[in-house]
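Structures follow.
Here come two complexes built around chain A, the first alongside chain B, the second alongside chain C.
== the complex of A and B ==
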């Protein structure tokens, strides 16, 4: 068969020959390299994912069927190649207990209390925060509002506050003789036991979390609002809609996917609540009425070193959050435009 | 149902330090039940004018009246108008049924069953009954267009306002919808203001058309009147497709005594037979057999038998519509650049001096590129414009003058701005 070279009546220049060679080479290994190259590029990310996510996730699940006895360096497996020896040691000394951990948590009063506390904070805080964020976003989106940039920055600023610092400020403000009670008294209202009553101590947490995250969610909602085509409002105006009807029939449905995102991420965030109760209420005071699930898991795992039981708690938390998120996605995502 | 009156409506936008006049003191009357097309190039203020009528923009000064009622201060939802937007602006999260019924739901006391009845009626009128349960994004452009139209019709408003409703459709569908819209408007007999930049739409759809440029209303009249007797060069250029050929020409008078300025004020009267009559000054300067020559670009050299329109001018802008050109043995010779055969007619693009001109010629004539072509234009079809102001000096005077314009010696039609 005639090749390009043999057909050519011209003397082939060296650079052309090099090109033909390269072409011939790439013809000979057509797709072999592609898959491997792809995985090579993925390798750094996969490594990080494996070490810091996949392994802990799987190992936690594994741990939840054991009782942790202490650290160990018992050799599980070794390979002696003559040149070097490879040894795999165990991380911990574990005793298999089956589903015992999961059975225990069914009757663990403190876990139930933590679950209740977290749910209570969630039910009050998330709707409150989303409504507030939406109100701020709508207000900032309104054409007549001036100095939008300044308001937006001020409202979003708390998200950059250091967790410990802002929680400490809340702790100071909410003391019996703190700023908030001082203000209440000065207008003739009774002081509120912000840190010493079960109900009000949870409310303090709600307030703190809302303060910090409302601005963040407002920015997300504002971005969503600015994506609503102006002509839909004009069409609604022509159709006879007043302000509320425009909000109800245009803004909310158009914002639905964004609202859903805000709800789901806020729910997950609140379930992971940890720093605020630890700093403001110490160890869940008063009377464990502010202890959150993550705080309880922390105590179980790293104070009491019941790693197996803490792992089981973690998996229950994951299950609860997953179910809630799925429910929210089902409700919010149904017949969305 | 009512007419719409714009009374020196002005709309200014300020962009920081600059004041932009989008609508410059427009006076316009839309008659009851009329289909008025607002046409002009982009940025001429036609959409802003429409939005002022709708109430989506506040006017800076002036008044908008629906019938006798001054609606200037009313919000859009209080004005009883329906609007069709360029991109339809259907509510994406509602199905077609809800989209159609939404206006009735908000602005009337009708029960859901009654609304549903009306939705079905309008849907069957527009042939979209099968689409009622679909979402806008599942519909084609043409279908969305119908839904948008249905949403306007169902309200039974005092006026339809349409903002380039056909511009997002393909050419074939656009032509179809053009006739359909006209038929619908005729049946419903609702005052309609229709904005477009497409002169074909304007010509074919409007009872009257209003030409805008640079925020100012240039001319209002029937399509034929605007085409035949444009008030100025801009209107002549904008209306008609392909557009009119315009070039400069100097006025050369044959013999010193042939043309004399008439009267100190320069006014020239014209009688019905075309001869120049006595002016207030009393001097008769020229008879109808006196003539002037127009010396234009290239080979263009034209003898005007009636010099009245140019009596005051040393130079004029000459306008010749491509469709008025006839090939002849004598006349102006130009060189063919391109011939576009269209089947029923041929468009000839030819070089006249330093500019290209367009002529619509008989399909049997097929000059090749480079071929010389000689043409003439009947004097009755020649347009002349003032080179400085652009104002029309002479427009079409051949037969078939449209009703309502023949009695106007200045060739102006009603409703001229300024």
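== the complex of A and C ==
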């Protein structure tokens, strides 16, 4: 029988279900040897996956119910086989506190500030970037535009910029005596305190992130545009649709799954924001107005060494991002189907 | 009709203006990184009249950057203290100290090793999931699929404790191993390898190929373009990692992001030196992007297509 590609065999009719089960059984029994080959190919990846991914996921959750009191190497298990000895030590010294970490974060002002800052950046930055990316994609998709390749290359160039390195140039350009204020002054506008006012420092982050990711999203949208059937535009033209109507009633609905995908991934990206605020605004300056959630987790865990509490924060963030990712997978599924 | 062509012309002009403006805004920060690295700080940080054209201070800025004692940005020959004497030859055996990698070298080294290791692991795992039957195949695959929704860079707290326990802190392995079995990579490889015809593998088996040869001689060569796209995804993932390297690496092993963070966080921030560092770390990847644009684009698209 051919290998089944479907992830879940149980979407089939009951009769097929029975046949599938029978085949699965008969496939498993005679070829016991083949099963081992599969495992051998899987073994290296599975080992690392278990140790460095599955374990940390569970251990973060476990930690979130404890207060961290220090690293420890207390022996938990000692096996001496004569040939070799095996020692399992505990990782950390912990004190069980139940749900206290989760209760604390409900009334943690700085966490709320971080949540607010992240949401603020999200609400301004994501729509701005998606609209820009869409406009660039549509413009570069237009048949009359020449030098498409060059424009696309230039707009996508920031994709390859190191996340931390590019942030430094925004730090430089946005100084009071920096390039942007010089340009503003030379056209007669007042200088803006890009890094010292809490509103404008968030806007600086918005600008930097938009610069870095617009081209990336443009590439995804451009690929989506290429899948819009040309006949739809022709039909709309016959119906007398103008440019705006074609965009509104053909392009946008056809791109909907891709647009949603871009929205959701950008939202997830904002929740993970770390490099830009750290480099551009130091530790969330001015007055914690740019501190993001991940930055707060970093400070809590590795500056204040409250690892248990930081784990609880991480899990709240993971919950948010997971829900968003599930939405994203749904959209992706609708997209490919 | 003339009215219509005129409107069309205006429209085309506006479109060009928009795209051109976008291109300029995209290029200004890049231009400024490179130009500022060739100027003295007082020349570009000036509210009255910054110099907008390249100068000739790049080398002196670079030397100042290299002279800093908290960050080694570009590598240099190390002290070859460990020799074995074989007849008339002195052979250095402590290869690690032949060359101090510096932040640039560390980042390149880590990203290349990570990419290669992860390509091998992901393609092997993908091959197993695509072409073999074994017990718990579905649950295992679902477990890996489930971690796709997690931001794996965020698991720093247990990873830090784990690395401390394994004595891997301040080792490059600490930032290579945790994501070497990249769930997205395994998933993409499995999806692509399902297109390899079973008949092809079967006939190779008849000809006496071992199972490993099926992977190495048939599966891998047919997956070249997928592997290239995945390599870009993996390389950029590692290249941009900041949080965990910041937590786990110590002076002497810094990667570019951590080194730049040290420069920015210093008591006196020398922007000219930072711009040299930024230029050195950004420009090579830009050139690589220009050469491998197709692979970059297919990498971005592959990463955005989750079933």
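The definition used in the following text is that the second predicted complex is superposed on the first by the 292 of 337 C-alpha atoms of A that agree within 3 Å, B and C clash if a C-alpha of one lies under 4 Å from a C-alpha of the other, contacts with A are read in each partner's own complex, and residues count from 1 in each chain.
Here, a residue touches a chain if its C-beta (ideal position, glycine included) is under 8 Å from a C-beta of that chain, and two chains touch if they have at least 3 such contacts.
Computed from a prediction, not measured in an experiment: that's the story for all the values here.
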item	value
Chain A as common anchor, with chain B and chain C clashing or fitting	fit
Chain B versus chain C as contact partner of A:199, first or second or both or neither	neither
When both partners are placed on the shared chain, which of chain B and chain C touches more of chain A	C
Which superposed partner A:78 touches (first chain B, second chain C, both, neither)	neither
Touching partner for A:249 - first (chain B), second (chain C), both, neither	first
Touching partner for A:160 - first (chain B), second (chain C), both, neither	second
Chain B versus chain C as contact partner of A:240, first or second or both or neither	first
Chain B versus chain C as contact partner of A:229, first or second or both or neither	first
Overlay on shared chain A, then closest C-alpha pair between chain B and chain C (Å)	6
Contact residues common to both interfaces of chain A (with chain B and with chain C)	336
Contact set on chain A toward chain C in their complex	2-3, 5, 7, 27-28, 31, 34-42, 44-49, 51-57, 59-60, 63, 71, 73, 89, 91-92, 132, 135-136, 139-140, 142, 144-145, 151, 153-166, 168-173, 175-179, 181-182, 185, 191, 211, 214-216, 219-220, 223, 243, 261, 265, 268, 271-272, 274-275, 278-279, 282, 294, 297-298, 301-302, 307, 310-311, 314, 317-318, 321-322, 325-326, 328-329, 332-333, 335-336
Residue ranges of chain B in contact with chain A within the complex	54-56, 75-77, 81-83, 85, 87, 89-94, 102-103, 106-107, 135, 137, 151, 155
Residues of chain C that touch chain A when the two form their complex	11-12, 15-16, 18-19, 22-23, 25-30, 32-33, 36, 44-47, 49-50, 120-122, 124-125, 127-135, 137-138, 140-144, 147-162, 164-165, 177-181, 183, 186, 194, 198, 211, 215, 236, 239-240, 242-243, 246-247, 256-257, 260-261, 264-265, 271, 274-275, 277-278, 281-282, 285-286, 288-290, 293, 296-297, 300-301, 304-307
Of chain A, residues touching chain B in the complex	229, 231-232, 234-242, 245, 249-250, 253-254, 256, 336-337
